[in-house]
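You will see chain A twice below: alongside chain B first, and alongside chain C after that.
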Partner chain A sequence: MTSLLSKIREVMVGWNAGRVTLPYPAAPAPPPPRFRGRPIFDATKCIGCAGCANNCPAREILVYDVCQEIRILKYLGRRCTYCGRCADVCPEGAITMSGEFENATPAIGDIEQRLELFMSTCQRCGRCFTEPSPLEQLKLKGYRFDDLEHDRWVFRSQGYLENSPVVDDLTIELD
Partner chain B sequence: MVARDLLNRLKEMLGPALLRVDTPADDRIFIHVERDAIRAVCRHVFRDLGARYVISIGADDRPFSGQYLVAHDFAFDAAHLLGSVVTHVPEGDPRLDSITPDVPAANWAERELRDLVGIEPVGHVEPKRLILPDGWPEGAHPLRKDVAWNFVPEGYDPERAFKFGEPPPGCTVVPFGPFHPTLDEPAHFRLYVEGEVVRGCEYRGFMVHRGIEKLAESVLSYNDIPMAAERICGICGCVHNVAYAQAVEEAAVLRAPPRAEYIRTIMLEIERLHSHLLWVGLACHILGFDTLFMQSFRIREPVMWIAEKISGNRKTYALCLIGGVRWDLTLELIAELRRVLDTLEAEWRAVIKAVLGDKNVQQRARGVGVADRSLVQELSLIGPVARAAGVPLDCRRDHPYAAYDRVEFEVVTHEGGDVWARIVVRMKEVLQSIEIIRQCLDKMEPGPIQLAITDELPVGRYGLSSVEAPRGESHHFVITGENHRPRRWRVRAPTYQNLQAVPAMIKDQQLADMTITLGSIDPCFSCTDRFEIVDLATSTTRVWSAEELARLARAGRR
Partner chain C sequence: MLKKICQKMLRRSLWVYHANSGGCNGCDIEVLNVLTPYYDAERFGIKLVGSPRHADVMLCQGPAMRSTACALRRAYEAMPAPKLVFAIGSCACGGGLWHDSYSVLGPVEKLLPVDFYIPGCPPRPEAILYGVAAAAGLVDKKVAPVRFKQAEFPIPRYHPEHLRGRGELVVYEKAERV
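Our next item is the complex of A and B:
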C-alpha cells in the first residue's frame, strides 16, 4: 500500500514539473555574461609579450619570431580547455573569453587564430609581461622558437640544462 | 596533543629507528623512520591505534637526496590528525617491506609503487602488475626522474597478456567489461560464477591511465596544475582543483583569504549537489527505474546553470589558483543561488518522500553489495560507502578545510551497508549541502579573494590535503620543487580505495547484482587511473581511413 502511495508521489514529481525541454537549437541559447567560450585574440591590443603562451595549461599558444620586428602568435584551440588563464594574465586585456560555444568543426584549422605582430624595439625595461605573481614568471632561461608548421613547442636556450633533472619537459634545441 | 601522545608512544616503541618527527601544525604529523622499521610502524598505527589507511606515495628523490622516498599516509579521524610515515630507500637497493599483509588497504598503492617508481614491496600478497600495460617491459618506471614524460620504452610486447588467477573449481568465467553498458569508462572484472552466483572476481583496470602526475612534475607549473587537476574527474573536478591548491598552500605555509575559503566551500557543495543528484539518477537507471533517473537530472539542471553563471562553465569551474579563487560572488548571483536552493530543496524533499517508501526500489537494493563495518575498516573504505555502513567518516568534519570549520552540518549515516543504505545516505546529504551553502552565504564577508603571493614558493616542503568529494575522500600529497612546479604530486581519488572492495562486496551475490553493486560505489575509473598521453611535442594529427582502420584491426587480431 505504501508503495502505491509512493508511486503516485513519484508521478506527481514529474507531473508538477511540466514541460522543461528548451527549444535549443531551434531558438538561440545565449550563455551568461561570465561564460568562458572560445578565447578571441585582439591583434590591435596584443603587444606580443607571450605571457599567455607561457601560462597556457594546455600549451595551445605558440610563438615564433620571423625576424627582429615580426612575431607570430598562433592559438591552436584543439586541446584548449577554456580555463581562461590566458585572458587572466594578459597585461593588455587583448584576450576575451567570448560567448562562442558552437565550435564543433570537421576541419581543425577552423578554430585556429594567427596574429602577426609588429614588435617595435622597446625603450623601457624590455620585459613586457608583468607576472601577476612570482608563480607565473618564466623560470627557464631562453626563448620560445616554436615550430609553427608542426605545431610544436620549441624552447631555445644556450648552455642551459646540462645537468638539470627537468631537461626533457620541452623540446630543447641548443644553439 | 594527540600528535604529542603518538610521538611518545612511537619513541618508546622504535627507539633509534625513529629518525625525526615533524608536526608543522596541530593536525599534521610526519614521522620519518628507518626503512626496516616501516612495517612495524604501519602495523602499530593501523592495528593498535586504529588509524585509517589513506595512500602510499613513492617518489624519486635521487636528484635531491640520492634516495627514493616512500610515504604511507594515515588518518586519525577521531583525533582530527593526518599523518605520514616517511622513509627513504637507497638507490642501489630499491626494496621495502610490504605493509599489505598487515594493512590490506595498501594492496593497490604498493603495486603502484612497484609499477611506477620501481620500488619492490617485499612480501606483498599479490605482486601483480596494476597500472602499466601488460606489454610494457620490466625495468622501465615512468615516475622516475630520469624518464621523460614522453618516454616510449623499447621492447614493448603487444602479445603479452595479463595472467589472471585460476577460477575456483566448478566456476565459469564471465568477463565483465572493459566495455559494458553500465560502465561509462573501461575496467575489466573477471567474474567467477557458479550458476547465477558470483564466487569471486579479479580486477584489471587502469586502462585510462593518463600520466597527469608525470605531466605536472615535468611540464606544468604551479598555477597550471589546478586546471589539469580539474580534468582528473568529470564529476568531482573542483574537488581535485581545491585539494591540490590546499596541499600546495599547506606546503608553502600560505592561507587563502576568508572570502576565498567560503567561495571554495560553496563551489564544492554545488558540485556535491550536482554529483549526488546525478548519482541517484544513475543508480535508479541501473535498477531500471528511469522515471527517477529523468527527474533527478531535471532537478539537477538549475544547479549546473548557476555554476555556469558563477564560474563561466557548467562543470569545469577552473576555480582555484594557489592562494585564492578566481571567481567572486556578486549580490545578484547570491540572490539567484538562494532561489535555486529553495526550489531544489522543495523538489528534492518531494522525491525523498516518494522514494523512501518505494518497496520496488528497496527490494532491488536491500541486502545487495554489502560492505559492513569490518570491511570498511580493513580496506579503509570512505565516503558514502563507509557512512552507509554506519561509520561516520567525513573529511569535512574530521579534517576541516576551507570554511567547513565555520559551518554546522550533520554527517548522514545509515545502517546496513547495502546499496539501499547508500541511496538513502546520498539522498539525505543533498539537504545538508543546501544548508551548508546557505550558512556560507550568510557568514561570508566582503574582502579579497586572492592572496598576494610575493615570493617564490619554498622547495622540498610536504603538504597533505584531504577533501571530501561526493563519493568519498580525495587525498593529495605534494612535495614542492624547483622551476615553479612540484617534485611530486600524488592524487588518491576515492574510487581508488572503494573499488578494491568490490570483489568482497560482490562475493556470493547474484550475477545480476554486479551492475548496481559496482554502480553504487559511484566508480570513477579515470580518477583512479589518472593518465592521458597527450603528445605535446608532436601534435601532428593524422586521419585514418576506414580501410586503414580495418587493416589495423585485422593485423591486431592475427
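Our next item is the complex of A and C:
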C-alpha cells in the first residue's frame, strides 16, 4: 500500500513539474548574450596586418601572400576554440564573435572563411610599401605561416629566400 | 543513394558509443548533458550503449593520440557494418590546441573515416543536438564556406622602365596585368 502511494506521489510530482524538455531542433534556442560563437571576418574592414594569425592559439588563421598585391587570410575553423583573441587584437574591429553555434557539417571545409585582401602598392614601382628601418623590414613578413600542402607549420615565411617561393606563389620578378 | 541506404538500414534507433581518445572531458560532459531530460536526445531514438559491438554511431571526442590510436581503431572495427563516426569538439575535428604536440597524431579523421563534424570547444548541448538532428535529416545544415575578394584580378601594374616619351606625353608602353 505504501509503495502504491509512493508511486502515486511520484506521478503527482512529475505532473506538477510539467514538461522540461526543450523543443530545440523545432524551435530556436538563442545563446546567452555573452556567448562566443563562430568568428565572422569582415573583409571590408580588414587591413591584412596578420595580428589575428599571430595571436591565434590554435593557429587556425593563416595569412600568406600570393603576389605583391594580394594577401590571403584563411580561417579554417577546424580546431578553433572560439576564444575570441583574434577579435580582441584586431585593430579595425573586423572580427566579431557571432552567436552562431550550429556549425555541424558533414564536410569540414564548410566552416572555412577565405578573404583575398588587396594590399596597396606604390604606383610608380608596383611594390608594397616597406617599413623604414631594416629591423622593421625583417618583422614585416615574419608572422607565423602554416604549410597547408604538407600539413606542417613553420615559424618563418620563406618569401625572402630566393628560389623558394611561398605556397602557390606567383613568380615575382626580381628587378 | 548512400543516404537512402543509410536511412533504410538505420531506420530504427541510433545507438551511440561514446569514445574518448584523450580529450579533456569537456565534450563528455556536454554529450551526457544532451542525454539528460532537459535536452532529451532519446526523442530521436538515441541511446548510449557501453560496448562498440552494440553501437551504430561512434561519438569521438579528443584528438587521435599515439597512446589511444590502437584502441580507437579496434573499437571502430568492432562496430557492426553500417557505422557512422561523429567527431565532437575541436580536438576531434582538427586536432585541438595541442595538434603539434609529440603525443597527438592530429584529428580523428587520421584514424577513422569521419561522417559528421560538430566543432566547438566544447560544443553547446544544442549544437550537438543540432548535429545529430542534421545527420538524421531533421534539419538542414547552416554553414557554407565564405569567400570574399577585396579586388578583382587583373590589377594593372606599371613599371618605370616602360615609360616612353610619345610626342608631348610620357606614357607607359605596356601595363603588365597580374
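Keep this in mind: the second predicted complex is superposed on the first by the 104 of 175 C-alpha atoms of A that agree within 3 Å, B and C clash if a C-alpha of one lies under 4 Å from a C-alpha of the other, contacts with A are read in each partner's own complex, and residues count from 1 in each chain.
As a convention for this text, a residue touches a chain if its C-beta (ideal position, glycine included) is under 8 Å from a C-beta of that chain, and two chains touch if they have at least 3 such contacts.
Keep in mind that this is a model prediction, so the values were computed, not measured.
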{"item": "Partner chain(s) touched by A:69 [first = chain B, second = chain C, both, neither]", "value": "second"}
{"item": "Partner chain(s) touched by A:115 [first = chain B, second = chain C, both, neither]", "value": "second"}
{"item": "First, second, both or neither for A:105, with chain B first and chain C second", "value": "second"}
{"item": "Chain B versus chain C as contact partner of A:85, first or second or both or neither", "value": "first"}
{"item": "Touched partner set for A:93, first chain B, second chain C, both or neither", "value": "neither"}
{"item": "Contacts of A:77 with chain B and chain C, given as first, second, both or neither", "value": "second"}
{"item": "Partner chain(s) touched by A:14 [first = chain B, second = chain C, both, neither]", "value": "first"}
{"item": "Chain B versus chain C as contact partner of A:5, first or second or both or neither", "value": "first"}
{"item": "First, second, both or neither for A:55, with chain B first and chain C second", "value": "first"}
{"item": "Common ground on chain A, meaning residues reached by chain C in one complex and by chain B in the other", "value": "20, 31, 57-58, 76, 78-79, 81-82, 108, 151, 153, 170"}
{"item": "Residues of chain B that touch chain A when the two form their complex", "value": "63, 145-146, 148-151, 218-225, 227-228, 231, 291-292, 294-295, 298, 301, 305, 308-313, 316, 318, 322-323, 326-327, 347, 350-351, 353-360, 452-457, 482-485, 534, 536-541"}
{"item": "Chain C residues within the chain A interface of the complex", "value": "37-40, 43, 90-91, 93-97, 99-100, 106-107, 109, 114-121, 123-124, 126-131, 133-135, 138-139, 141-151, 155, 157-161, 178"}
{"item": "Touching residues (chain side chain A, partner chain C) in the complex", "value": "20-22, 24-25, 29, 31, 38, 41, 43-44, 46, 57-58, 60, 67-70, 76-82, 100-118, 121, 123-126, 151, 153, 170, 175"}
{"item": "In the complex with chain B, residue positions of chain A that touch it", "value": "2-3, 5-7, 9-14, 16-17, 20, 31-32, 34-36, 55-59, 76, 78-79, 81-85, 88, 97, 108, 133-137, 139-140, 150-153, 165-166, 168-171"}
